[in-house]
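In structure tokens below, several structures.
What follows is a pair of complexes built around chain A, which joins chain B in one and chain C in the other.
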Partner chain A sequence: MENIKFNKQHLKIAPSRRAFLIINTSLLVLFAFVCLVPFLNLLATSLSSNDAVNAGAVGFLPVGITGTAYKILMSKTEFFRAFGYSVLRVVTGTVLSLVVITLGAYPLSKTSSVFRGRGFYVVFFTVTMFFSGGLVPTYIIITRLHLNNTIFALILPTAMNAWNMVLLINFFRQVPKELEEAAKIEGAGHYRVLVQIVLPVSLPAIATVVLFTAVQHWNAWFDGTIYMQPAKLPLQSYIYNMINEANTLRQNLTSSPEDQALLATLPTKTLESAQIFIAMLPIMLVYPFAQKFFIKGLVLGSVKE
Partner chain B sequence: MKKIISLACAFLLALTFVGTLAGCNYKKDYTYKPINRGTLREPEVEFKTAAEDPEQNAKFREKYPTLKKYEQPVKVTVGAIQYQLESDVKSGTTPMNQSFNKIARDVLNIEIEYTVVSVSTGYDQKLNLAISANQMPDMFYTTQPEMFTMLRDTKMLADLTDSLYMLNDNLLDNYLTYMPELLEACMEDSKLYALPQQSNKYASAQRLYIRKDWLDIVGMQAPTTIDEMIAVGEAFAKPENKAKIAEKTGVAASKLVPLSMHKDITYAGSYSAEGMFNAHGASVGSYFKGEDGQLYSSNTSPEARAAIETMRTMYEKGILDNEFSNITSADVQSYVSAGQIGMVFGEWWLPKDALGTCVKSYGAKGADWTWVDLPSYKGNESLPIVDTTLISGYNLVSKNCRNPEAVAKLINLFYDIYYNDNAEQMYGSGVLPSNGFYYQFVPVKVWDGMASAAEYHRVQTVFNELYEGGLNSRELLSGGLSEDLTNAQIAEYEAGGGRLYKISASEKGFYCLNRQVVEKINSEPALKEAFDTMRNREKILHFAQGYPYFVAYKQGISIDKMTTAEREGWGIYHEMIDENGSYAYVVDLSEGKKKAKYDEFYGVALSAMTDKGGYLADQTGIYYARIITGTSGMSAFDEFISVYNRNGGDVILKQVNEWYAAEHASEN
Partner chain C sequence: MERRQVITARPARKKINLKEQLTLHSMLLPGIALATVFQILPMIGIIMAFQDYNVVDGFFGSPFVGFMNFYDLFMRPDFMQATLNTVIIAFSKIVCITVLSIVLALLINEIRIGAIKKTVQTIIFLPYFLSWTLLGNIMVDMFSKSGGFNYFLSFFGVEPVSWITSNTWFRTIVVASDVWKTIGYQIVVFLAAIVNIDPALYEAARIDGANSRQLCRHITLPGIMSMIVLMSILNIGNIMNAGFEQILVMYNYLVYETGDILDTMAYRIGLLQVGQYSMGTAIGLFKSVISCVFFSASYFLAYKVKGYKIF
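Presenting the complex of A and B:
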């Protein structure tokens, strides 16, 4: 009994500390709420009636609740085509990227005595982290290779991501040498060592790289607008265009009846919001599950044993 | 060795430093360098239209044929913007599979290949990239004057003088007789580097829109002078009147605002201060000719000062929205829709925009709008201020294109399809939007203002004919004209010879003209004849939305007694169909029945404007807002004038006057 009392006293929090905790927690809650605000507004807009949205009456709660926007969205083939194309891009892009990065990271994780010229390659790849050829040369390469309007224009240029490779190099280095040596004694070559020994023990790092790459592919919009024709736009480019087109048309509402007719082809605000919301969903759903890998991945290689 | 390297580095560093300093000191020369436009090369045979002199026209056309088919297939690469489809266009239509391509192949033997295709947002960027990568399409259309001048100055464009003469009579006559200044703007050294698309410069003309039911409540007439406008505003602002309006319309009295506009004072457009400036004879960013023959900047003019003073008075009296410096154009739009605003300035399209939404939502409680020309100031007639010439885009041809005249042939073909009632007989059913023709996808663009105005008059006539012809029963038209039909019903109906029109692919209802209406139209030849003269695209939409309202309106039913569906037609009817509607004003201006005032500067921004204009526009907005809201006194306007001129206003004005002298050199 005495003991417990003592413990309680021992744990008693000083008033200043308590004040700090209260203020800190409320500020963090507030901050989290502020982050949520746009999402709430978007969701409310997508569920409200058009007239209410046009009258500016929608805040965090839907006004005149209706599912029309989502019903129309279901019949909007371009949206789902773009969605499908983005999924295709994420899957092929991530697989390709993973293969290239792993094949690059494995040899570079060896010491210079094993892999001569390693220093050169490290510098070579690091340079690409800071400098690129620029937009026009990249465009020329892509078009000269006739990659325009194919999925390769989106996944090849970003397949080799130096930053992700450095991440993997550092992780591979932490794999105990003994494992590899044992495998070699059993007669395994480099490829077998990589696939059967190194990769299985590096799962957290691989998961992080997969997540990084997938998110990057899902969110990329610029390359889509440059290289792809409208029928093959990935989702984010499609949404970017949709919003920008609406904004420019609404702002410049120029002259002719023709422009006015064009304006009538635009999706309504509610439909716009519904599309943005659906586009956010996959990533929002993936994050909670992938978060543990994510955090682990972020501190990769930060501590040396 | 090391010493040499470090010495070299130090030298380079010093050089950079000196270079930077020199750059700071560099004084840019803003003298305007005139472009030698020259004169347009005459055609080898004198041009007369077929109406003027058929024989001469035949000779001319022998030399410059309009639609002569190539003997061998000719391939041209083009750029195109893939806009959203309008509701009457066959779904799945793209620039690459549109019916225009096939018609061009059959009629002209031209094979169109689309090398730069984008939705409208990324088009310019994509085109720029393709040009930098030396992959410019043979021909394309751009709305960017900067792109045109850049390509012209780098000698990448073909001379289109011959192509110009190959345009059909209407277009060629339009260019040569009515719009020679348009061609001139595209010339250099007697060569024509673009076929410009004109735009209706009068479409931006401002008017004052007023809540009619509010006027009735306060017992006043629509204002014709600024003083009357202030009186109406004061009446709207009185608490007892606000209470009456609130009681009648159900909108809270605290939310009612007599006059609203958005915060961007220097930006013209809907719901802006532009109409107010115009009423006083000013327009931000414009240049007018003074009595001395020199241009002066409207920003610092006495007219602008008068406009600011009026707005200051209105702000003080609670007439002008006291929140205006915080709200955007979209905000005003939503307040108008929500029935909170008594007066706004804007262009012709407001009725179908926010005013229509307002009537739709509050029409049952009497919400109604009226509009007047700009109120006059101190006895001077107030005119809308518009651009002198308005080129909305350029049809360009690469100098590497082997068949530059193909651009004229394509334009002629497009014109035949788009502006001709007999297009279907001439080129087959491919010209119908329902079969994949979409005017926005055609890689060349041209606009015929005369034909557009004629069509506008025609819709009014058809409405009257239909009404007189017996299509005037509110019961028949009740429930609006849209009806959700199943695909089976549509198939059955079309098999029976009925013509169905898809009205809107967007949010509400998917199809079509109400069955009884189509039957009624088809049953009487006079009605059918009148109805079928309306060109398909868009006009059917006008009919479907506007006709029920028109019938009720013609029968003298007041807005609050109409059905919801009838009220929905208010916007489209009073905008595009009504003889006194908002678009009628634009037509009157175009046909010279009403007058406008012109901004004397036009074309690509001058170098001084590019360098100094942004800062000056900001300063203009800041000073204006401070004076209107009473933060500064009226005397701050003098301070503004000196700040404006000191920071580059005088440099710009000098360059503008040099430009003006060069452009009008031939006149003197």
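Presenting the complex of A and C:
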């Protein structure tokens, strides 16, 4: 039976169609492989000897394979301190942002006849989405509030993310009105309805927003480089500063003995690659499992009927 | 007469429960407070662009200079170049990503083996979730003189070139690596739109004897056309966003001529140079105003054409 069905399907496909399917699939697999090449090259570089890397002899596979870079990395306490600070940032930043936008999304998911003043808030948030004061004024405000070199400089400015809030608003709107009304008749207030009725049925949306926010915080690096002192740099800012300083020095060093001695203390390309690879690891490990939430959120955020 | 009927036919307004309203307002308090401090206050800080700002006198004490900063700015050749670079890079990104994502979504949709389809999609989407510090530095290393790109080219007998410091190639590398990082997003959006097409349409067309190419041309493509139009309109709003974080990681002083954009210039002048806050703010304001016009126009268009609303 199975066999007959298979044959039947086979017969239906015209040769030209089969040729197309084979070529198309192969080309797309090739394309996906090309997309992976930079990562393979990075991993190979981190596992190669310094000489091979400097000679430009590394492609997909490590040359003169060695774990030296990872061994040096293991002894770098700044790297792991930065890693820890990033984790702290992700956790506090995500919790804070989730509280703020969940609270905001609930009233805004109501119609303006139920929630008077909704129009004002919509205009307010739309303005913040479309126009910004720019980098310099934002920097000065944060500095004047003395938030520099505290975790608040990293988590407060991005906590009110209007786009994520819109995503939640759309989900909250789909919660059946009957559920809320039943709870209200029982005497529940809005906070209670939000926590006990709306949130439990919106868990997929919450999961999406949590993942988005957590990834944003893990990936953010620019704010860290301008607001934080070296002892409190998150991982991505630490990596940016390290590579940026090393590159600047490399460009400006001369062949004098002092400069050459300084050059020897700079992190090698293999060490840089090892650090980049370790910083990517958390996302790469979570991503395959979280992908479906990401896709759901992205589609909901952009495709709204 | 008719008009009066309409008015009287309107249902009585719901009674407002003041306490309930206050509860709802209180929920928005944290969001409003944060947005006011970190988004609205910086907008007020824009007055710096019209001052000769110094830290001692602050926002309200610094001398007012009118449009002086802008006058100085427009006289600078590197400012004009940065504006041009911004638009060139942003526009190239929008065009490349739109065209390629449509083609790739249609082709990925044709893969008949589920596991391969899923794997290809997963791999293409992966860089979207990594930061520019990491990806940008990978690209810089790849395209440096001793990098992986030259290694692969050496098999074709090409002499090593330092691509990343070349004004001829810098923009191409920037656009290509942005395609690599962000195209997964639009592909996913288009694939989702393809899934939403009514399967009955395909059935009916097959019964009428349509082949696979005709199905793609006459059902799939029109089925996602509405989404293509919407995404393209919304993308126009990004015409001034050439990718600040990406350029900041990838550029070097040798490629300022082709790679410096308004954001990076505002950063270098406003924050890295001492006492140039006002000039940096002026560059930021110039960009924000043009950006806001394009953003508003694109969302207005999306609303008019497709009924798209943010809230």
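Note that in this section the second predicted complex is superposed on the first by the 280 of 305 C-alpha atoms of A that agree within 3 Å, B and C clash if a C-alpha of one lies under 4 Å from a C-alpha of the other, contacts with A are read in each partner's own complex, and residues count from 1 in each chain.
Going forward, contacts are C-beta pairs under 8 Å (C-beta built on N, C-alpha and C of every residue); 3 or more make two chains touch, one makes a residue touch a chain.
Being a predicted model, the structure only gives us computed values, none of them experimental.
Per the definitions stated earlier, placing chain B and chain C onto a shared chain A by superposition produces a clash between them. Of the two partner chains, chain C is the only one that A:Cys35 touches; chain B does not reach it. In the overlay built on the shared chain, the residue A:Val136 is in contact with chain B and with chain C. For chain A, the partner that touches more of its residues is C, with chain B and chain C as the two candidates. By the touch criterion defined above, A:Tyr191 reaches chain C but does not reach chain B.
In the superposition on chain A, contact of A:Thr111 is made with neither chain B nor chain C.
Touch criterion met: A:Glu245 reaches chain B, while chain C stays clear of it. Common to the chain B-facing and chain C-facing surfaces of chain A are residues 54-57, 135-136, 139-140, 226, 240, 251.
On the chain C side of its complex with chain A, the touching residues are 13-14, 16, 20-21, 23-25, 27-28, 30-32, 34-35, 37-46, 48, 104, 107-108, 110-113, 116, 119-120, 122-127, 129-135, 137-139, 141-142, 145-148, 150-152, 154, 160, 180, 185, 188-189, 192-193, 211-212, 227, 231, 234, 244-245, 248-249, 252-253, 263, 266-267, 270-271, 277, 280-281, 284-285, 287-288, 292, 295-296, 299, 308-311. Against chain B, in their complex, chain A makes its touches with residues 50-51, 54-57, 68, 72, 135-136, 139-140, 143, 225-226, 229-231, 233, 240-241, 244-245, 248, 250-258, 260-262, 264-268, 271.
The touching residues of chain A, when paired with chain C in their complex, are 14, 17, 20-21, 24-25, 27-29, 31-32, 35-39, 41-42, 45, 53-59, 99-101, 103-104, 106-108, 110, 113-117, 121-122, 124-126, 128-142, 145, 156-157, 159-160, 162, 165-166, 169, 189-191, 194, 215, 218-222, 226, 236-237, 239-240, 243, 247, 251, 269, 272-273, 276, 279-280, 283-284, 287-288, 291, 294-295, 298-299, 302-304. Of all residues in chain B, only 82-87, 94, 117-122, 125-126, 129-130, 132-133, 135, 199-201, 203-204, 269-270, 329-331, 333-335, 337-338, 347, 349, 352, 354, 357, 360-361, 390, 392, 439-440, 447, 452, 506-507, 537-538, 576, 583 touch chain A in the complex they form.
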